Structure formats: structure tokens, C-alpha cells
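In the two complexes below, chain A is the common chain; its partner is chain B in one and chain C in the other.
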Partner chain A sequence: MTKTRQGLIGGAFGALAVLGLTQPLAAQDDKLLMVTSTFPMTSPTPYAESNAQMYSVWCQTYGCLGRYNYAAKEYQGILVENWEVVDPTTWRFKLREDLVRHDGGPGPTTADVLHSYDRVLNDPASIQKNIFSEVETIRAVDDYTFEIVTKKPLASLLSYIFDRFIITSAELAEANENPDEDAAFGWGPYKLASYMLDQEIALEKNDDFPGISADAPDTAVFRQIREAEQRVTALMNGEVQIARLIPPQLVSRLEGNDAISLAQSPSIEPMFLAFNPKFEPWTDKRVRQAAAHSINKDLIIDRFLMGLADKMDGPLGEQQICYTGPLDFVIDYNPEKARALLAEAGYENGGPKVEFMTASGRYISDRQVSEIVTQMMTEVGFEVDLQVPEYANLTAAMRAGELPMYYLGRGLFLDPSEPLSQYLETDVTQRIGYSSPELDALLQQERQTLDFDERCKIVRQAAELIAEEVPMFFMWSHRLVHGVSKGIEWDASADGEIWLSDVKM
Partner chain B sequence: MKFDFLNLKFIIGAFLLGFVLFLALFGNLITPFTANKQSLMDSLLPPLSGGHILGTDHLGRDILARMISGARVSLAIAASVVVISGVVGVIVGALSGYLRGTWDLVTQKIVESFWAFPPILLAIAILAFFGQSLTNVILALTIQRWIPYSRMSRAQAMVLRSLAYVESSRVMGGGLAWVMRRHILPNLMASAIIVGTFSMATAILAEASLSFLGLGVPPQIATWGGMLAEGRSYITRAWWLAVMPGVGIFITVLSLNLLGDWLRDQYDPKKTLNLI
Partner chain C sequence: MLHLITTRLLGAIPVLLLVTMAIFGLLRLAPGDAAELLLPDDATEEQIAETREAWGLDRPIWAQYGQFIGNLARFDLGESYRYRAPVFELIGERLPATLELSFYALVMAIVIAVPLGMIAALNKGKIIDAIVSVISISGVSAPSFWVGILLVLFFSGYLNLFPSSGRLPYGVSVPSVTGFVTFDALIAGSFDTFLQALKYLALPALTLTLAMIGIISRITRAAVIDAGQEEHVFTAVAKGMKRGTIVRRHLMPNAAIPIVTIIGLELGALISGSIIVEVVFSWPGIGTLLFQAISVRDMPLTTGAVASYTILFIALNLLIDIFYVLIDPRLRGHKA
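Up next is the complex of A and B:
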């Protein structure tokens, strides 16, 4: 694709948007799908962003190793056709040989994989180095086979890299000074047609991709609309056909609208309260348990979140890898027990005073949920000072381990291995400041256990320990609700992403 | 000077502002509820139901109690901003216009520097840096709002310093403090009060804007801007969440603008000289 072509198409979209002609265009071409996105494309470099929505777009265009199929509960290849564990630290992947590059060039080879690995690690624009934090090296076996060697045995390797490692062409990079702008051709089921940074991205179906459905949209536009109210309005006005992530309080605007249906899915983003044991009074397990006992999750879900959340008793829900059913140790809503635990911990006359930080608008009803939690904790005796700092300041302080208590989500949490290590393993990060030799041993053991069933047993032991120790108190995962225009068939997945090849029009 | 208290602007403005002040001071006598008491079982009750005159919000909190709390916060912040920025602005401007020279040059450069920033952006930056608190909101709103007072005071002080009685006072040995206290500052008061009235209205709007953006006071303090932001998402299901604080802001700003207009008319020299 040339800059001129990009400019022309981009200009045409801009002109259409200005003239308000997008809707007539959709009517003329019944295979044009307009979709909302909430994260912007800030760069044409596929390594310059690290959010699930952009990973998904690049994965569908340039191509990635594969993705997780939530319905089948298994990883499925996109650019790779199979993979195997050679030894505890070596994974071997075989690339497909039936793919053609969007410009008619050859299919992906190990040279492209090594080139992409180098770009992730060394491209000045790359902010994705962490996906290879546990990888020692990648080496070619032959033109279509490569091996990923990990620093230690890593059972959850695929969750780090599978849909995150974007493969770009080594040949095009060599032939073009700015390959991401002048030769954005990959092997995925969709081609990058045009983009306007911070506004929208247009993709065209790659008819040469094996097995692509004739019912899938010919063209799709991901339009950035961050405000939920605007997404709903755009859907009701017919400006978009799929409006993603509708918060509970706006669902009623779409219910009863004959032209719109609601697609709903459990999510893999647990919301949690963190109690940092480096700060008083959270050093005392009884106080952490008291805080957890004070919170009536059922009431919040039923009356405030309108039933659009799935209660969690630990770090894992049904959609996540290694979920093995409800935990044995559960901290239920029990204000009497909360008061008793506080009294036992020496706070029979009131207190303790705690600082509680939360975000506003980053997660569904985050500030309001925190206000409810504040009142519930206050009712059992805590003195809670709720603060809502600016989100960048909040996350910076959280990463530096400076927050005594906070309510956040961790982002997509398909495989528990990395997130649990990130938050709870001693000195991996400072996010919570929790340290337990017993939990450290379990987390290290599960990472090195390649037998799936055996690994999940260890994960469960770790989850039981976390539920009892309560450095993190898992609240729920929000239901993902999307508004979909009639005439479009699409099953929402637990990661909230839209794989265009799954859409039928 | 004779004030026309039968003027319609004064009557409406004073009545509306009086109503808001009454709510802020004696609102607790009207509702038994408190602003932050939640009851999820009673969420989104419409006005005049369940004992809630203005209904409840999404967390089951009484809207009237929150309106009263919002009135207190808005008026307290606006009054603080007006007083602090008025005192600073008038003194700096009066000295600048009276002394001229280096003092004038330096203060005017400071004024121009502050004036170059979009006010709401500057306030957002301050709050993002220092965090949420009542004091920080007042600081964020004050930091630029002293400038209109300063510019007005400077212009008038430049005129006053050349008047015969001021020059006489200076020639007869009147010091800076004496001249300022006896001749300059009293002559600036009328204009400062008019600027202050309008400034109070804009301060209320600015505070509501910051709260709307989630950058105002901490969440446990109810504000009209914060209520408006929360009510926005429920506008089709529970209109009272957004409409009530909107009405509160509208009434208060309207009343202050009407009073400001009236005051300006009263101090208008053309009226005093009976030229119209």
C-alpha cells in the first residue's frame, strides 16, 4: 500500500465523515461493518502499542501466532498450524505454508519471525518487550519451523505471546525505509486499508486467506468512540453496527429497540480490592479478612450493576484457564464477623483508618463501586478516606507500591500465571507488597508444570491460599455487553475483541 | 448613592440567591437524610417517593440532601475564590497602576503569563498534580481569577494617581500606605464588587466543570458538577439525577449574574449624572 493510496482512502473517509455520508455508504454496501473501539491507534508501527484492541487489529492484519478460542476453550493457530513442547524450556512452532502476503508476496517464514522478534526487542518505538520477558531466545529450525526457548520452564508461554507476537515481513522491511507506512502488508484474514491516527482504522477482507467466510464483512471500520453514551447514540443512529462495552446503566437505552440486539459475554477481567500488607492496618490478616467480610457483593451486583457481573470467590472465573470450580475457602458477606475480627485485631473501639484509592471512568462504575465499598466498610467500623486521583498518577503510585488499598482491574487475565506472579509473588513487582514463601513456591511450581491437569491443581491451591490470606479480594468480572444491529450475527467473546472472520452479515 | 431596590433584576436575583443560601444554611431542617447515606435497595426512586422530595440517585442517596451539600460546597468555594482573588488582584493592580515603573512592568509580565493559559486547563493541571481537596480546588480556581481584578484596578489607579487631590495628598507627605488606604482603594471598591459578582458566577461554573470531569473535591463531598456527571448516564431512566443539579447551577449563576447586572447599573456614572 502506498502513502498516496492511504492518503486518498483516509481523505475519503474524512470527507465522508464530515459530510455525514457514512450512513448512506453503509446502506449501499451491505458488507461494510462499522465498529466502535475505545483505544486509539496512535502509530502505524504494530509494536508501538500495548493494548488488547490494537493487538487484535494487528493480529487480524499482519498476523500473529494464533488466538484463544473461548467457545472451544483452546488455542488455535492463525499463522502457525501446530506447536509442541520439545522439552521443558523449548517450544517448537510450525508456520502454515498455504498463506500469501497481501501484496502477493510469499507466506510467512522463520526469517519473518526472527525479524519480528528483533523488532519487538529493539525497535525504538516498541513498547512490547515484556511479552518476551520470560523468553531466552527464538531460533530457526528450518524455513517454516522455529523454536522459542524460555529462561525457565513456562507452562503459560502461549498466554504471553500467542496473540501478542505480531509477525511482519523481513523482506518488506529491507526494501522499504518506512515499511509500516509504505508497505503495511501481512498475512492475516484482513488487510489494512486506511487509517486516521486517533480516529479510525479501516480493514478489507483478504479473500485469499484460507477458509475465510463469504459472510464475513468485506470492509470493517474500527472507529474510536471513548464515551459510552456516544457509542450508544452512534449505534441507535445507525452510524455503527457494533457498539462495544455498554455499561449497565446504559443497557436500558438499547433494550426494546427492535433494530438492535444485545450480545453478552462473561469477561476475563477480574475486578479486585488490593490490601497492601506493607501498610498498617493491612499487615494484619484479620483486618484484611474483616474488610472482605464487610462487602456485600451480591447486593452490589443485583442492585447497582443490574446483574451484569459474575461474582468471583478467587482469582479465576469460568472463562479462565485452570478454573476448577468454586473454592473451598470463601469469604462471604458477614458484617458481624467483620466487627469481631476487627475487635480481635485491637480495633474494638473503632477504626482502623484506611486510605482507599480508586479510578474514575477507567472501569465500569469504578468510582461508584468504591463509594459503596467505602460505606460498607464504614458500617463495620473502618474509617475510610476515599480518593480518586488522576488515572496516570493512580497507576504510577500503584506500580511503585505506594497505595495501601485500591480497587482496580488487571486487564485481560486469561491464564492466571503471569497476573498472579505480577501481583503476589515476592518482589516480582511492588504492586501489592505481599510476600508469602508458601505462595511463591506454588506459583513457581505451577509455572514449571507442563502437565495441564497437574498444573491446574497447583493453581487451585494457590487460589485457596490467596482467598484465605486476602492480599487481593476478588469481587467480580463485569459482563461484557455490546449493542449489535439486527442483521449481524456475532457471538461476543470473553476478551471483548471482535474477530471479523467470526462476524456474519 | 441611592440604590434602586425595586429593580426587577435585583428582586429576582436576590430572591433566587436567597433561596440557594437558605437551602445551604438551613437545608438540614427540610430533609432527614444525609448526603452520603446510601441505600442500594432504594436506588433511583423518583421525586416525591419513599419520603425523598427530589428522589434518590443510583446509590440510593437522597438527592435533596446532596443538593444542599452541593450548594454549600459551590457557595463556599466560589466565595473563597472571589475573596482571595479579589484581595490579591485589587492590591496588585492598584500598586501596579499607582507606582508604575519596575513594579508595574514585573507584575504585568506575570499577569500576561498567567493570562496566556486556558483557565480550565491550568486548573486541571494543578489538581492533577496536587490531588483532590477543597483547598486545592480553591487554589486551582484562584490562581488565574485575580487577574481581572488586577487589570481593572490598575487601569483605575492610573487615572486616580493623576487626580489633583491624590497628587496633593502625596505632595503634603502622604505615604504609599496612606494614599492607597485613603484615596485609591476606596475608589476601586465599587468596580471590584461588580467584577466579584460576575466572578462568583464563573467560579461556580468552573467548580462544577472540574467536578464534572472528576477532578474537583473528593468523592465523599457531594457537588453539583459531580452529581451532573453521575446523572448523565441515567438521563433516560432517571432524569432527576442530572436535572436537579443542573437547575441548582442554573439558578445560582442566573441570580449572581442578575445581581451583577443590577450593581453595574447602579454604579453607572450616566445614571448618577442623570444623562439618560
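Up next is the complex of A and C:
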């Protein structure tokens, strides 16, 4: 439609203009940053949600131990200034002493750390106990030093707790019956201004936070907009300045818009196919390999995902800890080899029948990708029965080990230790039902190896073994694409979260 | 009248019991539970079991349901697993938003659909009748989530007239008196806020309205045509009464009962339709709450929200019945 026609249609709404209904919708304050959020906002208690977006919000307000800097590929402290491994099961952390609480109160102390540890474990609203699954205890050394003692040597401890252990004030909890609503003061670079359930969370810059940039937004509002179309529209008409997680099919709506730029980054959520060896025919490694050989990942990425995904040859991508380059054993697209492997496994006269479960709408184009995979597997001889249950049913069945084959993603896969153990170590969970003494030994060994380089060598051995055994066939990680209004500088990171003090307006 | 109200209210009790029982049963039949779905991906089996025990999910379904009914008798719907807050409180906070959206959608639907139906009836067989038919069928056929997205793309994305989602812009608030932001804004004397609230209401309300226009206008058309076949209408025409007077005095009063009936029936569709529309437009009503609750098998909240919808539906139908009595003198004095 031309601009003239647009003007004519707009003119039809002249009456609304008279009533003042057509005032610009854009934010009036030039230091106000409106950001879309897709996750639930269900409680002002910082321990009551467990997703990356809320951890990020609470980490920036109350404060957490630190965060992972994807550009520098290292952990950086926020409330702690340094840390060290004292012995294989003891980590010592030193809190910063230059912080002031948002209400002018004292900086964080070990009393606050111990109080927060207790809340994570015992607050009735807490659903974050998992972050301390491997922790024996936390103990104070002095007012600003504390130690975390793990049950066993745990090289990946920081990935469990660093940006997920939210520190709240013991003093405010003592003085207030409902501190999360009446005294929500922390030490982070932003203060909590307001919290509206399932609507928005507003944060204000904490000018007392050391080194905070004058260019960072004065106020940031995370507004819940679940639908991707709405997020794009809200960005285009100025309701928000950063619209996160734009799916590939909507990227073209923003391309060529002079007022908007696209920020994209790799992600730490690998998408994978799981072949559960507790079910036939997945007991046979050759069948698993045949299925993997039948899938043309490049074609799907180029033609269907519009290039907005990074192909993976194993469990690790470039953004993840211990990535040491492409694997030696790679299962590439090779339908001839797939047919040969099936014939070798006894399916020369017709492929095995398999049930394949997938989600719909939980991951980018998940159902459609699964339909393509089904077609590709069918071409080499599999008889695939694709089923799309509701996501809650799918995950419940997956956790119970009832799914023979499925397509899912695993978020927060920064450090490989915990996710690989969760899916592939014998009897840790039922998710895949794979068991390999050799892999178990490697996973246990890497967890206990505190030397980083040594540990990464072991992780690589485990990754090679997984690539060859294919209980999980890693497909890609979707690129995270965000729409950003011009005039705002923000480098997207692989976790997709917005660290507000890094934003320049 | 009192008898009618008493009968309806007593009749609501078994309905409510059956509905809550069905919800409990269905949620129980579905795989997974709130503990499994709410705890993070890396929660251990022990942590899931511990949470299940803390929330009473390890008890038999009849015990859980018995406790729910016991609590309900004390006007306590329990605590939401997801929000960690009393269900009554959550529903009380969200109900006004749903009612406000439904109210505006209903008013718009009546204001648009009834005249449309009358115009179609009075021009039966003409081009205008055909146009109204096309509008009606389109409105009935198009799913709300699709219509909502189209409206957003056009009115919000293309014309930039209305916001794409939410209830008020950031930083705008109004003291709550009725819970209806538009009314509260007027009470507070803030006409600007009233207009802002109307802007946010426009697209979700229009989405719901479009779904109702079709059926209401079709029934209105049929009712007016039927009423026009009555002998007293022919008599009025024969006596040379003006067209407007005939419509006002003879057609509309007689067509009113089926129109009110269909509006009553459409209220059910309006309430259920608002669930999807609220999710699409991030409207903070019970629909959004129910969506969040179902997705994690939050039994207290799901049951509470569905019970609220049921009570709302029963109450609205009661109002419609009372309205029947008011508009039809023949029903006065009759028992319900």
C-alpha cells in the first residue's frame, strides 16, 4: 500500500485524532528503555521463578555473585570481587566492600549470603533448590568472605550458582514481614521500581553503583509481550525499543526499516534429536547413526531457518565453555550410508517403524522442523509416526523416559557438565535411558578435574563418544535475533539477556 | 422474581461441583504435575518429590478434591502453585480487567450488530442484506487469535493508531474504585487516562466484538422479519402508521426476546473467547491467568479460574432471565 493510501485510511480516523487518540505511542522519556519479555512474571519473590530472564532481572537489582561475559569468555564478579578454589571441594568468595544498598543501607555481607542460601532452600516460594544440588554447605569466614563446600569436587560450580544465586538482605528480611514487596532493596546496578504481575517490571538506574555508565538507561521496563507479531509491531510503532527473540519468519518485517537495527548472536540452547535406546529400534547404534545420516541440517538451516541457526556437530558450540573446535567424528548428511546402515541392521526390506514426538510453538518452528526431519528419515526407509502432544504432556513423558524419539532444546547449556550428565549419565534421569560406562567415567572425571584445560580435553573425549554413539544428535542452536531501535547501542549475548548497564542510549 | 433468583442460585451449586470435579479429573488424567512442570529443567527427582509432597500432590485425587471443596465452603480456593498467592486474591485482582474487556466488547457488539440486523431485515433480499450477511459470516468464521493479529498488524503496525498489547502505558495509573480503568479514570477526573485506557481496550474489544457481530445480527434480522409477519404489524401498515413508529412500537419489542436470548448465549462465547484474546493482547485478566495455570497444571488456580468463569456465566444468564421478565409482561407472575 502506498503512503498516499495509508494517509487516506489514516484520515478516516480523524475523529479519533480529535479525541486525542492518535498521540504518538512512543515513550516520551529519552532515557526510558522499553524491552519486551516473553517469560512469566508471577511473583516479586526473587526465588519463586527459575528462568533466565528473571534471574537476569533479579541479578541486576538485588545482585548475584557475578555473570558470564560471553565476549571475554570468562566469569566476572558483581557482588563478589574474587574467588579461588581452596581445595577440591571448597571454593572461597570475597564480597565487594564498595557497594551501598539501594535504600542507603550497608553493602552485602556474609550474613546476607547465608540468609539468601537459607531462603533458596527453605522459603516456601522457592523453586531454585536445584542450584545447590551439589552443594554441601555455605559457611562464613568473615564478614566479607564465605566458602561454598561441594559434596564432591565440582569444576562447573560457577555455572550452577554464579548468576542464579540471588543475594537479598538479611537485615531487611528481619525488619519487614514481606520484604520482597515492602523493602525490595538490593545492591545491583538497577533498583526495582515496580512489579506488576504478568505485565511489567520497571527498574531504575542505581547511580551509586560503581562505574555505572551515564549513557545507560535511567529507567528500563520489561513488558510482557508473548506473541512474536506483537513484539515486532510494538517495536515498529515505538512502544518498545528492544524487541527480543524475533523468529526467522518475521525478521524480514524489520529488515530495511531505517529506524530499526537487528542485533543477533549465537545461543546456548542446542536443539537435538534424542534416540532412546530403551526402545526398539534405537537399541542399535547403527539405526541411530542411520537416522542421523538421513538429516540434511545444512538444507534445513539455509532454506527453512533462513540461515538463522548455527550447525552443531556435537554437544558444544562456540559460545559454550570447553568448546575446542570441530569434532573428529562427524555424522554428515549421507542418505546412501543411512540406507546401508539400516540394511546392515536388518532393515534392508523396509525401515523400522518409529514414533517421533515434538513440541509445537515452544521452540522456533519446532513442529515444521520435525515434519522435515520426518520426511528426510522416510526417504532412507524409516516409517515415522510424528506426534505433536501439548508441551506439558511432552515434557512430562520425556522426564518419565516414555519417549522413544523426540526433538527438543536444552536451555542454559553454557557449561556442558550438568546438561550432559542430566541426559546421558546412567540413571541420573530417565530422559533418554542411555547407559555407557565409558561415558559415565568421562563425565565423572571432567566434573572433578579443576584444571580448566585438562577438563576441556576430557569434555572433548565425551563429546566425540556422544557423536559416535548418537543417543543425542545435536542439530543446531538457533541464532537469537532482536530488533533494536536506532539510537540504542546494545551487543546481544548468547543468553539473550539484556545487561542494562551495557546498553547505551 | 425472588423465586427465580433462588432457584437459579441453588441450581448453580451442582453445576459448580460438576465443573470443578471435571477439571480436577481432567488435570489428573493429563501426564505430569505442577511440581514436575514448574521446577527447573535441572531439578533432581528428589527435589520434585519433595515439592510434590509439600503441595499435597502425592495424595489421592479424591483427598485433594475433598480439601478443595472444604476450602471452597469457607470461600478459600487455596494457593496457586505458580504465583504462590491465594487464588481468591489473584482472581479478584484480574476479574475487573476481564469484565471491563467483556463489557466494552458486548456494548460494541450490541451497538453494531442490532442495527445491522435490523437494516438487513428491513432491506430483505436487497444488496445491503447481502452485505450484512457477508459481514456476519466473516465474523463468525474467523478465529479470534487470527483476527486479533490482523487487527494489530493493521491498526497498530500499519496505521499506528492503537497500542499492540497491554492495558495502560508505563507510568500511567489510576486509583482503583471499580476496577474498570476507564470508569476509575473518569471518577478520578483524568480524561487523558480515560482516553489512554480506551486506546488499549480498542483492539482486544474489537476482536471479541467481531466474533459476536455475525450471530447477533443474523438473529436480529430473523427476529425482525418474523415479527414483521405478525397480523398487528400488517394492521399498523394498513392504518398508514409511519415506518419508524412500526419498527419502534411493534417490531423491536416483539423481536427483543430472541435477540436477548442470543446475546445471553453469546455471553458464554464472549467469556470463553476472552481467554485467547487476553493471551494474544497480553491483557491482564483471568484468561491470561488461566492460560498460565493450565500450562503448568496449577490445579488450585485452574479450578478457581474455571469456577469463576462458571459463576460468571451463571450470573449473566440469571441477569438475562431477569431481563426477560422486565421486557416481556407475559412472564411476570410466572414461576421460572
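Just so it is clear, the second predicted complex is superposed on the first by the 477 of 505 C-alpha atoms of A that agree within 3 Å, B and C clash if a C-alpha of one lies under 4 Å from a C-alpha of the other, contacts with A are read in each partner's own complex, and residues count from 1 in each chain.
Everything below uses one rule, namely that a contact is a pair of C-beta atoms (placed from the backbone, for glycine too) under 8 Å apart; a residue touches a chain by one contact, two chains touch by 3 or more.
These numbers come from a predicted model, not from an experiment.
Trainee: Kindly classify A:Glu229 by the partners it touches after superposition: chain B alone (first), chain C alone (second), both, or neither?
Mentor: both
Trainee: Touching A:Ala175 in the superposition: chain B (first), chain C (second), both, neither?
Mentor: neither
Trainee: With the two complexes superposed on chain A, say which partner A:Asn393 touches: chain B (first), chain C (second), both, or neither.
Mentor: After superposing on A, A:Asn393 lies in contact with both chain B and chain C.
Trainee: Determine, for the superposed model, which of the two partners chain B and chain C contacts more residues of chain A.
Mentor: Between chain B and chain C, C touches the greater number of residues in chain A.
Trainee: Per the contact definition in the header, classify A:Gln368: touching chain B only (first), chain C only (second), both, or neither.
Mentor: Only chain B; A:Gln368 stays clear of chain C.
Trainee: Quick one: is A:Val86 in contact with chain B, with chain C, with both, or with neither? Answer first, second, both or neither.
Mentor: In the superposition, A:Val86 contacts neither chain B nor chain C.
Trainee: Tell me which partner A:Gly411 touches in the superposition: chain B (first), chain C (second), both or neither.
Mentor: Touch status of A:Gly411: second partner only.
Trainee: Quick check on the output: what are the common chain A residues between the chain B footprint and the chain C footprint?
Mentor: 229, 390, 393
Trainee: Can you check the complex and tell me which residues of chain B touch chain A?
Mentor: Residues in contact with chain A: 36-38, 40-41, 43, 58-59, 127-128, 131-132, 214-215, 218-220, 230, 232-234, 236-237.
Trainee: In the complex formed with chain C, which residues of chain A make contact?
Mentor: 1, 6, 9-10, 13, 16, 19-22, 25, 27, 32, 34, 40, 42-43, 45, 48, 50-51, 124-125, 127-130, 133, 196-200, 202, 221, 223-227, 229-230, 232-234, 236-239, 390-393, 395-397, 399-400, 410-412, 418-419, 422, 429
Trainee: Across the complex, what residues on chain A touch chain B?
Mentor: Interface residues on the chain A side: 228-229, 247, 249-250, 252-253, 299-300, 303-304, 360-361, 367-368, 370-372, 374-375, 385-390, 393.
Trainee: Mind pulling up the chain C residues that touch chain A in the complex?
Mentor: Residues in contact with chain A: 30-33, 36-45, 47, 50-51, 54, 82-85, 90, 93, 149, 152-153, 156-167, 169-170, 192, 195, 198-199, 279-282, 284, 288-289, 292, 295-297.
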